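If you scroll down you'll find the structure; I have some questions about it.
To keep things simple, chains are lettered A, B and C as they appear, and every chain counts its residues starting from 1.
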Amino acid sequence: MTALRNVVPRLEERWALRLEIEEFHVAYAQAIDAGEITRWPDFFTDDALYRVTGRDNADRGLPLGLLYCDGKKMMRDRVQATLRTTTFEPRFLRHYISNLSIDEVRAEGAIKARANYLVVQTLMEEKTELFQAGHYQDTFVRRDGRLLLRERHCVYDSLTIPNALIYPI
Amino acid sequence: MTALRNVVPRLEERWALRLEIEEFHVAYAQAIDAGEITRWPDFFTDDALYRVTGRDNADRGLPLGLLYCDGKKMMRDRVQATLRTTTFEPRFLRHYISNLSIDEVRAEGAIKARANYLVVQTLMEEKTELFQAGHYQDTFVRRDGRLLLRERHCVYDSLTIPNALIYPI
Amino acid sequence: MTALRNVVPRLEERWALRLEIEEFHVAYAQAIDAGEITRWPDFFTDDALYRVTGRDNADRGLPLGLLYCDGKKMMRDRVQATLRTTTFEPRFLRHYISNLSIDEVRAEGAIKARANYLVVQTLMEEKTELFQAGHYQDTFVRRDGRLLLRERHCVYDSLTIPNALIYPI
């Protein structure tokens, strides 16, 4: 946390930033868990990169992944494709986000942060199960006073079956 | 969070409120997870409503649920009934509460908030398993300087078997 | 929280302490989850006690446990033994730490705190599973301005198979 203390020396500002990012994570998860995925692209900048990838890929620096969206337009296309897919079973998802770390605040304002996520899934009349365990590698920027994601890499530990990924993580 | 910023404009007060609610959740979970369920009604006002209900029910506005207590007296009766039930297997429960959102602070002081909960259960000599995933829909009020629940709706995603609900969530 | 309010009367100091402990937990979990267990002893004082034990043992005050290290030297030996054990399968672990409670700040500076942990494990090509659910019973002290653990009792609810505990919790 040395870097953060140097760039954001005042304790009160570090608290405020931490609280703001926590509220961002909560709002993001609420949109997806409520099934309101048309709101999902609103959490990103127009030129944002969104990726869901395995930890092996991420550790080796490979750019590919299970899901890759370069820009908000591609995210909106992805949402529309999801909404047209009426063949999947109804399910409830729930995100548990914890272990937030703010790793860097750059001079130009970009904020690098990480957090752990655990997504559990409930299919109708079935037991709740672990769907995906992993962590976010995020870059936030401020636009009109609110935080937006310029990059979100969802790096999962879990063995993930491509077809199961109906909703964004 | 617009409503909250309007009603609680000072950042410091919003932090204080958030911290107070987080500490409430932790104390509530510690009482249940320690098996000290006689302390459970102490977290509520005398006229409080407590309900455990499925997400389908909650989304359709149905008042019923798996468990329903109208007032602290009914909660105490419920606790006594639980303690007399000696036929259930010993088990450990653990609550993981995250994703707190404070959604509204009303002029008269009531606070509407949500949080995600994940309850895991360990039966003796068996593996720990997911017991219930869901979220709290809470209304807090202040009595003699401390927060109490006037309403708690535990809205679960999980397929939940009625007989398995020995303890409150 | 009465004790804490008496010993740390200023709200701002209680926030600062809480934030500092949360950041400690995050850094501790990141080291283990990244597989960098040689860094694990750095989170402890030289004379620290580290123990992983079942809830039954802890409740009855038994000192023994699944894993017991008395002092940093014993922790380093444990790490070296782990690194030499090349027979275990590769796996990913992830810690979700929540429900922090700061229970006491002693006059001489030691801080007693608890937190819930959920550790999930992913073996290669297998589904992510719950590995261990439990809570930390911690005593922190301050050395050269940063917090270190003088005691960490990892008290697990889960049925835990001794051989499965490759890494510290």
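In this section, a contact is a pair of C-beta atoms (placed from the backbone, for glycine too) under 8 Å apart; a residue touches a chain by one contact, two chains touch by 3 or more.
The structure presented is a predicted model; accordingly, all values stated were derived computationally and were not measured.
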Interface residue overlap between copies chain A and chain C, same or different (over half shared): different
Turning angle required so that chain A lies on chain B, C-alpha fit (0 to 180°, nearest 5): 120
Intercentroid distance (Cα basis), chain C paired with chain A, Å: 27
Residues of chain C whose C-beta touches two or more other chains: 15, 96, 98, 118, 130
Of all residues in chain A, those that touch chain C in their complex: 1, 11, 14-15, 18, 55, 96, 98-101, 114, 116, 118, 130, 132-135, 157-159
Contact set on chain C toward chain A in their complex: 15-16, 19, 23, 25-27, 29-30, 92, 94-98, 118, 120, 122, 124-130
